[in-house]
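After this come two complexes, each holding chain A, first together with chain B and then together with chain C.
For the complex of A and B:
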C-alpha cells in the first residue's frame, strides 16, 4: 500500500481550475521530485495535501486513511511534515524554542516516546551544527542554517511524509550540498519525501522518481533519467521544438 | 497615605486584566478590543447576583459562568473572522453589552449604576484592599509568567508569528485561542472581584470605550507580549494618570489635558512598537 495516494484531485478557485485530475502514488521510503514551470500548481498541490486548501474533488489517503477532510494540524499529527519555501522558522523565538514548539505539538504518546525533550532539542541542534546557538533568536540565522534547522526539526518531530518546497531556495551553493545530505539522511531513516525544486541536476541527484506538472495536470512521470530525456519536458520548459 | 494605598489597589486590580489582555493582544497578536465588553458583562453578573442573593459564593459562580461564556463567544468569533473583522466585531460586542446594561433599567438601574455594593468581611478598609491587591498582583504575575513560558505560550507565539507554519507543526489553533480568551477573561473577572467591592459602586461610565484605549496603551507601551513590560507600564501609567489629578489646573482644563497627554503617549508607543503589534506577515 502506498504511503500517500492522490486520486483524481482537483481544485477550482473562482471558476479557475488550478489543479485537474491529479493522480499518483508515493511509496514509503521514496523521494519524489515535483517539477514544472512557475504557475503549474506545485505549491498549490502541497497546500492541498497539507490541508491549507480544500480540494474541490478527488481524494487523498495517507497510510490508507482518507485525510481530505482533516485540518492542517490534524494532518500534521498524522505524520505530514511541511518545509516552506519562505522558511517555516519562527524568527522571534530562540532556536531551542523553535524545536521545542514542534515537539510539544505532537500527540501525547508520541511526545512521551521521545523521552526528555531537552535532550531531543540538544540532539537536533547538534545535528545541524548549531549546538552553541540554542539561545539565539532564529532570525539571526542564515537562509541555509534556517533551512537545515527546519528540516532537522521536522525529522525529529517524527514525521513520516516530508513536503519540501524548494529547499535550496535562498541557500548558498555550499549549503545546498548539506541540504542534499540531510534529505538523503531522511531516506536512510525510512522517511518519504515529496520535493518541489527548479534545480533539475539537484532533483536528478536525489530523487527516485519525478512527477512533472503543467497547468495543474500531471503531464509526465518517471525516473529522473527518463524525464530528463523526454521531449515533453523540453516543450514545457522551452516551448515546441521547431526542428521536429 | 490613603492615596498611596488607593494607587496600590488600582494597580493590583488592573494587573490581572492587563496581563490577561497582554497574552491575547500582545503575545497572540489577536486584534481583541473587547475586554471592556467582557468586564461589563462579568461585572454586572457578579454584582446583580450579589445584590439579589447576598451570597459571595453564588456571585462568584455567576461571574465565572458569565466570563466563560463571553470568552468562548470571543474565541469563536476570532476563529471565524479574519483579524480586522474580529477587531471591529469585538468593539461591536462591547458596545452592544454596554447598550444592554444602559437600557435594562429593571435589572441594572441603567445610567444610575448599582450603588452600595457590599464588601466581604475581611476587606473592610482601604489597607485590607491594598494587601489583597498586592497578593493578587504577585500571584497574577507569577502565574502569567509561568503561562508565558509554557508550551501554550510558545504555541500562541508561533500562531501569532506565522499561522500556517504553526498549523503545519500540528498546533491546534482552536484550542490555543479558546484557552487564551478564557485566561484573559479570568484575569478580567479577578479585577472585578476586588475592584467593584472596593468602589462599592458599579457604574456603566467606567466601561466606556476610552477605558479600552487605556488598556491598549498600557500593553503597547510595555512592549506587546512582555509580562514584565506590561507590569511596569501598568504601574507607571496608572500612577501618572492619578498624579495628573494634582496638576494645578481647573477641572475644565484638566480633563482635556489628560486626554491629550495619554493620546501623545499612545502615539509615541505605537510609533516605536509598530513592528511588534501585528503578525509578521502583515506588520505595518
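For the complex of A and C:
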C-alpha cells in the first residue's frame, strides 16, 4: 500500500480550475520530485495535501486513511511534515525553542517516549551542526542554516512524510550539498519525501521518481532520467523542443 | 513634574493592559477589534454591579466581572470575528464597528450616562516625592506590573506560551507541527478581552465608568500597537506608557510660560501619535521586529 495516494484530486477557486485530475502514489521510503513551471500548481498541491486548502474533489489517503477532511494540525499529527519555501521557522524564537515547540506539539505518549526533551533538542542541533547557536534567535541564521534547522525540526517532530517546498531556495551553493545530504539521510531513515524544486540537477541527484505538473495537471511521470530526456518536458519549459 | 510622571504611570498601566492583549490578537489573527473599549467597559460595569448592587466583596466582584468579560469575548469571537476573518482580515473591522455601536447603545440603556465608580467616595491619598497618589493607584500599578511579569513568564517559559509565539510568528508552520492554531486564536481573543476587561475594572476603581470612555480606550490601544510595531506585544506595552506620559505632559505643561493646552485635547495625542508613526515610521518604533510575541 502506498504511503500517500492522490486520486483524481481537484481544486476550484472562484470558478477557476487550479488543480484537475491529479493522481499519483508515493511509496514509503521514496523521494519524489515535483517539478513544473511557475504557476503550474506545485505549492497549491502541497497546500491541499497539508490541509491549508480544501480540495474540491478526489481523495487523499495517508497510509490507507482518507485525510481530505482533516485540519492541517490533524494531518500533521498523522505524520505529514512541511518545510516551507519562505522558511517556516519561528525567527524570533531561539533555535532551542524552535525545536522544543515542535516536540511539545507531539501527542503525550510520543513526547514521553522521547525522554528528556532538552537532550533531544541538543542532539537535533548537533545533527545539523548548530549546537553552538542554540541560544541565538533563529532569524539570525543564514538561509541554509534556517533550512537545515527546519528540516531537522520536522524530522524530530516525528513526521513520516516530508513535503519540502524548494528546500534550496535562498540557500548558498555551498550549503545546497548539505541540504541534499540531510534529505538523503531522511530516506535512509525510512522517511518519505515529496519535494518541489526548480534545480533539475539537484532533483535528478536525489529523487527516485519525478512528477511534472503543468497548468494544474500531471503531464509526465517517471525516473529523473526518463523525464529529463522527454520531449514533453522541453515543450513545457521552452514552448517547443528547441532541438527540433 | 513628578505629579505628571505618576499620572502617566497610572494611565499607562491601564493602557498597557489593554494594548498588550490587543497586540497578541493583532499579531496572531491580524484583525481589528473596534469593540474592545466597549468590551472593557462591560467588564467594568459588571464588576460595579456585582460590588455595588449585589454587595459582593470586591475580590469576588472582580472575578465575576472577569468571567463575564471572558464570556463576552468568547461570544464576540464566535459571532463577530471567527466567521469572517479567514475570508478577509478587514471584515471583522466592519463587524466589530457594528458591534461597538450595539454595545454603546446597550451600555447606555442598562447603566445610563451617569458615572459609576466601583469604589465610590474620596480615596485615601498621600504624597510621594511631592506628588499625590492613592494606595489603590499604587496597588493597581503594581498589579499591572505583576500581570505583565506573569504574561512574560507564560509567553517565554511555558509550552503554551511557546505555542502562542509560534502561531504569532508563522501560523502555517505551527499548524504543520500539529499545533492547533484555530484553538489558540480563540484563547488569545478571549485572553485579550479579559485583559481589556481588567483595564475596565482598573478604570472603574481609579476613576469612574461612563460610556464615552469606550472609543478613547480603543483608539489608544491601537495607537500603542501601531507605534510598538504591529503584533509586538512588548513594544505595544512600552508605547502605551509612552502615549500616557505624552498625554499627561501635553496638557500639564505651561507651554513657554504662556499657555496650557486644554484638557479636552488630551485624547488627540493618541490620534496624532498614530498619524506620526504611520507617516514616518509605519513599521513602528521597533521596526523589523513586527509580529513578535
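As a convention for this text, the second predicted complex is superposed on the first by the 241 of 244 C-alpha atoms of A that agree within 3 Å, B and C clash if a C-alpha of one lies under 4 Å from a C-alpha of the other, contacts with A are read in each partner's own complex, and residues count from 1 in each chain.
Following the convention adopted for this analysis, a residue touches a chain if its C-beta (ideal position, glycine included) is under 8 Å from a C-beta of that chain, and two chains touch if they have at least 3 such contacts.
What you are looking at is a predicted structure, and each value in this text was computed from that prediction instead of being measured.
When both complexes are superposed on chain A, chain B and chain C end up clashing with one another.
Contact with neither chain B nor chain C is seen for A:191 once the two complexes are overlaid on the shared chain.
When the shared chain is aligned, no partner comes close enough to touch A:156: not chain B, not chain C. Using the contact criterion defined above for the overlaid structures, shared-chain residue A:42 touches neither chain B nor chain C, since it reaches no partner. Contacts of A:147 after superposition on the shared chain: neither chain B nor chain C is touched.
Using the contact criterion defined above for the overlaid structures, shared-chain residue A:92 touches chain B and also reaches chain C. Common to the chain B and chain C contact sets on chain A are residues 50-52, 71-73, 76-77, 81-82, 84, 88-93, 97, 100-102, 104-107, 157. By the touch rule above, chain C contacts chain A in their complex via residues 159, 162-163, 165-166, 169-170, 172-182, 289, 292-293. Contacts from chain A toward chain C in the complex involve residues 50-52, 71-73, 76-77, 80-82, 84, 88-93, 97, 100-102, 104-107, 150, 153-154, 157.
Chain A makes touch with chain B in their complex at residues 50-52, 71-73, 76-77, 81-82, 84, 88-93, 97, 100-102, 104-107, 157.
In the complex of the two chains, the chain B residues touching chain A come out as 151, 154-155, 157-158, 161-162, 164-173, 280.
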